[in-house]
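As structure tokens, the structure follows; a few thoughts come after it.
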Amino acid sequence: MNKLKIPIMGFTEEQETFRNEVRQFIKSEKETFESQVDSWLSGYSPEFSQKLGKKGWIGMTWPKQYGGKERSSLERYIVIEELLAAGAPIAAHWFADRQTGPLFLKFGTDEQKEFFLPKIAEGTCYFSIGLSEPNAGSDLAAISTKAERTENGWVLNGMKIWTSGAHLSDYMIVLCRTSPKKPDRKHEGLSQLVVDLSSPGVTIRPIKYLTGEEHFNEVFFESVIIPEENIVGQEGNGWKQSMAELAYERSGPERILSTFPLLEELIGTLRENKDVQGMGESMKLLSQLYSLRHMSIGIAQLLEEGADVNTTAALVKDMGTKFEKNVAEVARLIIASHPSMTSDVRFEKLLAQSILHGPGFTLRGGTTEILRGIVTKGVVAE
Amino acid sequence: MSDMQEIILDSTNKMFKSLCSKELIDQLEEGIFAEELWSVLVESGITSVGVPESLGGTGGDYNDALHILQLYGRFSVPLPLSETLMVQWLLADHRVPASREIFTLSVNLKNKIEIEETTKGYSIRGKAVHVPWARHAKSLLVLVNFEGASKVALLPLEQAGVEYNSNLAGEPSDTVNFESIDVENIFLEDVEEEKFRMKVTNLGGLIKTAMMSGAMEALLELSVLYSKEREQFGRPLHRLQAIQQHIAVLSGETVASVTIANKAIQAFGKGMVDHEIAAAKLKLSESAGKVTEIAHQLHGAIGVTHEHRLNQVTRRLWAWRDEFGNENYWADQLAEKVMSSNKESLWEMITDRPVTKVPLGEGIK
Amino acid sequence: MNKLKIPIMGFTEEQETFRNEVRQFIKSEKETFESQVDSWLSGYSPEFSQKLGKKGWIGMTWPKQYGGKERSSLERYIVIEELLAAGAPIAAHWFADRQTGPLFLKFGTDEQKEFFLPKIAEGTCYFSIGLSEPNAGSDLAAISTKAERTENGWVLNGMKIWTSGAHLSDYMIVLCRTSPKKPDRKHEGLSQLVVDLSSPGVTIRPIKYLTGEEHFNEVFFESVIIPEENIVGQEGNGWKQSMAELAYERSGPERILSTFPLLEELIGTLRENKDVQGMGESMKLLSQLYSLRHMSIGIAQLLEEGADVNTTAALVKDMGTKFEKNVAEVARLIIASHPSMTSDVRFEKLLAQSILHGPGFTLRGGTTEILRGIVTKGVVAE
Amino acid sequence: MSDMQEIILDSTNKMFKSLCSKELIDQLEEGIFAEELWSVLVESGITSVGVPESLGGTGGDYNDALHILQLYGRFSVPLPLSETLMVQWLLADHRVPASREIFTLSVNLKNKIEIEETTKGYSIRGKAVHVPWARHAKSLLVLVNFEGASKVALLPLEQAGVEYNSNLAGEPSDTVNFESIDVENIFLEDVEEEKFRMKVTNLGGLIKTAMMSGAMEALLELSVLYSKEREQFGRPLHRLQAIQQHIAVLSGETVASVTIANKAIQAFGKGMVDHEIAAAKLKLSESAGKVTEIAHQLHGAIGVTHEHRLNQVTRRLWAWRDEFGNENYWADQLAEKVMSSNKESLWEMITDRPVTKVPLGEGIK
């Protein structure tokens, strides 16, 4: 089962030193933010993003000429997991750093790279991703948002839904149809456009999450004029480009650590209370976390080497997001409490966040069923 | 189920169905109390079901009341019905007449409320936490210290300070502050503290069990409906094998939960409860996590929006499973019963017909 | 959801007295058998079956004229659950009592009833059920065993597989094709025949279970001559008759109590050791058992009333057999031990039986997937 | 993985594949010892991998040996390889030369073995339970009482009484009886009892972890193969959505288990182990229940026959998960480490690079 092989990675002495540097920075910032669950989606703080930009920790693997620091992806991994473990507010620049930057690097024009990448790396330019539509969730071929080429550039009409953070972003990468659908080649004819969200004709309507918070949106495009040069990559190649992004985003630490602040609080409380029994009951979580983390790190290495991680990345997402949910289920049983978003007891608040955000963990980035289909196809194909 | 009960439940069902809309439930979280629906409940007599007619109550028995609370759970009624009923029942044991007011109660161990006798009456000082619906209630039933002894008291809330807080469902769960408040007269009675706590915990556990079983029925209905209406890859969802697995597990957990809840309600109604409440609240609290997860998985993105009715049900299940004892609490209670049973074998315990009289009805002692 | 409604039943004073009688009998027999897991499939004892026959507890709901006692199905329920809870050896007469007797009563000729039922009720005549074939497991329409009508009676050719206890039974009810398969009516043309397993042309080859024990068999029929009158019910109606049997057998206490002897031993040991923590951890099993038992009893009542229990019975089988497995998984964690079929420690032996028999629980009588399909169809249809 | 290791593992893989047939494994339960294969293992040097060449061993490191044991688990090799290796390693710490014999060991708390010095040598009296492969082994490494002190001894088994018993997989797990047996000389050394127990438990836990991770790989392979070969309703099984769910979960548990096992092996190989063994054996023991259930569910009736290879793998997983500590045992060990850690936060513990030197290699103390 070669597709399932994952190398065991260790960090070097220098990387450990770097980790310490990151950790010290976060500690020094502790007073400026409230640690929270799911902070890569809910923790919006342009100030904090800019501080990270100053440290050189956004777009840090990118070429220096575009504001990057040309560091290794394992170093980036260290930064991300330290921030997530601390529940730091990193939602503002998240998608730009994780997805849009790499997209420009791979497919963008020189002009796009020169214009966008330095701003992203500064922590001042935020992107969101426009994929889903009401009738195109799991099946992106059904996308009906379309852009027509005119003399003034593209004219975009349609809508996107479930776009995280669009109401707080500057731009959106919109996957849309640029030539008519052919029955036998339904994934062709889609392209990715960079849309300035302040353009006339763009309407953003937040959708309330079940907590009442506003994380995602419906975004409407009514004859939005987009400069011709805002297409990313090849016209008609948008589906393939988007799929590559999706695979890339499945095995990161954000699929494992979303509820880590709760786990940290749980273990801390148990240590304080010297609750040996409760600690024993928590340890299954810990062993799961160990194995998921080593899987995730090993895959990060494989990605760097350019290996095919489609199958294993889907596994991490499937198991990791279940683990994130499970943290809440175990925690609530070990320490009985009154979970509440408005509680001033830290454990109760983090627990409430974890329970209420839970359903989202296994939905975003591909549902359980779809991930499992991907895994089985990969495993059976060998 | 008697014909009479069927009629009562049928009309309650219709009433909730027509009056308790999604929007009304949402309004609770916007700070708007459903005055009108509350008046209807009061007028219909539902707020004093189980209080004898001789005390001005509606009559009927606990069995009726608990099945009404099952419907309450099914429709996510945004009102302090269970709290008002509980307090009225506990007061009725003391021959206190039925009332049309809103009551609430708290038996939290962290509460420290002191009552002192003054020249004009009593002075109340202290704090009660996690008090459901306190901001809307007239009075609070609570354990207090009076002259060094534990008592149970019914305290007026008009002058109390109330800090707003809420549970996972957005139901009020407030902190009440009495800052040396003077009152002329209050209900104040002796109580065996531990026994009273157990009584309230049992009653509360059973009530939440009933409410949760109703909520699970709603969850199953919503899910089945969605699987019939929604299509994927050109077929209704319920034709997909993975969805069938979900619906089957959801059905199973729901039926098992409703069955054990009904068993506990029936036993309680007959005044013969042994392990039934513990086993039922344990099972319902445990199942709540499973059914909510499945229902959300099945509903996909639409289900996690505030817009969709689903979250009103799942958030209540998440809140209620931890109220009046989570599954571990009740597992420990049940374990104690098994440990100290005088039966020789587990099988004898399981097949034994409960004969322990429920403490409720003996008055608050 | 009317199809999911289950009444809450209680037992009467007389029924409780009767239960006590059954219990006393089993206690008095304790020395004659070793309590075991899964005793309705593995506990073969003709002596014990005959003793039960003498007590009038086999075929006890049947008319007196056929050796029955005309007792209620709740009384039968009491007998069965007391026997299962004690792990008593009741495999010999099991299928005859549960399935074949009721089949004859419903569809049999007077001659069949007069011939077979009294013997079954005596505990001296054992049946097994021939349904599955190598290519007809979940899909009985694919059955290829066939019987041809000749002057001498039916001539049976083909084979059955996974038949429990055939090597220890006197007869088998064989579902076979008696007229050719039509594409649009593939479940027609099947009939049920009573086959005397000592007939020439019958070969029984035990299949070893993973433990090495022999519970089930391959049974080959080579031109076996079967008297014309051995057909049960209507010719061509065999599929419907068999399906009705299957639904009937899904909600009995044998879908809940197969591993009860282990649970009893677990709780007993914890009480003895005053292990409060272990007891707490076992209690989820107990609450599951309570709810399953009340479901099962309620359905027994519905069956007596002739209600449609297809959906709820499938639920009990699905959840009950999972519960049976779960008993072993919980028990092994609460009391660490060396589970072994050859151990002389009772807990270890029962645990080994439960683990090793476990995979069978969810396979027999319809796999998980099939049951869940039945449930969903039932629930969605309302 | 070094090139050298790759070559060793590759040839071991080939050897097991060609010599360790389903029938050979079955013979174990019929009481037939796989003499021939054992000779091949001895000749190839596998039975003393990890024992330094200076002591007559094959050389190589623990890392090599543990990956060989992974293959052992994958092919369900019916031989006392891990026991022999463990004893040889423990003896090598005492500079005892490598041997071609079969060894076994026991650190069971229930053992009570007394050694007395006699005029001719020593007298052994007592009983050891759950001794793997005792019926085939030459000597037993075990804790004994000698002149009131705990020692570790290597006892000859020729004259000992052996009661046959077996684990869930049918592997020998015998009771050994020494009825005042006289021997001239034995290996007998001082030992810190608790430390020795911990060392053997850690080593045993890691070895079982390696074996189980190999067994899980076999389970996944068998299941995938079956899902490709077998058809239902005219389509290969793996096209059915419910089966896809099974295969995906099976793959996930297997990869997670293999990863954490490899991490523990690597850490141990470097002589730097902190929580790795505990976390790994916990995870593997926990996953064993899940993967065996899924594999059986997927294989249906054919999978529960003695005839099918599946049961050789699942029964070993069921047996091994409880040997050298089940998941609760290791959870408690891990909990203790967390409780007594000098790190401030859990995150610091998780990201800490282990520096604790593994006690193995210090000699049996």
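A, B, C and D are the chain letters, set down in written order, and residue numbers restart from 1 in every chain.
Keep in mind that, in the parts below, contacts are C-beta pairs under 8 Å (C-beta built on N, C-alpha and C of every residue); 3 or more make two chains touch, one makes a residue touch a chain.
All of these numbers come straight from a predicted model, not from anything done at the bench.
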Query raised in the report: Hey, how far is the Cα centre of chain A from the one of chain B, in Å?
Result: 39
**Report entry** Centre-to-centre distance between chain C and chain A (centres being mean Cα positions), rounded to whole Å
**Finding:** 52
Query raised in the report: Which residues does chain D have that touch at least 2 chains other than itself?
Result: 241-242, 245, 327-328
Requested in this report: Specify, in ascending order, the residues of chain A that touch 2 or more different other chains.
Outcome: 369
Query raised in the report: Given which chains touch which, is the overall layout a line, a ring, a star, complete, or other?
Result: other
Report task. Throw together a list of every chain pair that touches. Result -> A-B, A-D, B-C, B-D, C-D
Report task. Please give the residue numbers of chain B that touch chain D in the complex, ascending. Result -> 240-242, 245
**Report entry** chain C contact footprint on chain D (complex, rising order)
**Finding:** 29, 130, 164-168, 170, 173, 232-233, 242, 289, 292-293, 296-297, 300-301, 303-307, 310-311, 314-315, 318-319, 322, 326-329
**Report entry** In the complex with chain D, residue positions of chain A that touch it
**Finding:** 1, 4, 6, 8, 10-11, 16, 19, 81, 85-86, 260, 263-264, 267-268, 271, 274, 276, 279-284, 286-295, 298, 311-312, 315, 318-319, 369, 371-373, 375-376, 379-380, 382
**Report entry** Touching residues (chain side chain D, partner chain A) in the complex
**Finding:** 217, 220-221, 224, 227-228, 238, 241, 243-245, 247-249, 251-252, 254-260, 262-263, 266, 275, 278-280, 282-283, 286, 327-328, 330-332, 334-336, 338-339, 345-347, 350-351, 353
Report summary line: So, in the complex, the side of chain A touching chain B is made of residues 132, 137-139, 161-162, 207-212, 325, 329, 332-333, 336-343, 352, 355-356, 358-360, 362-363, 367-369
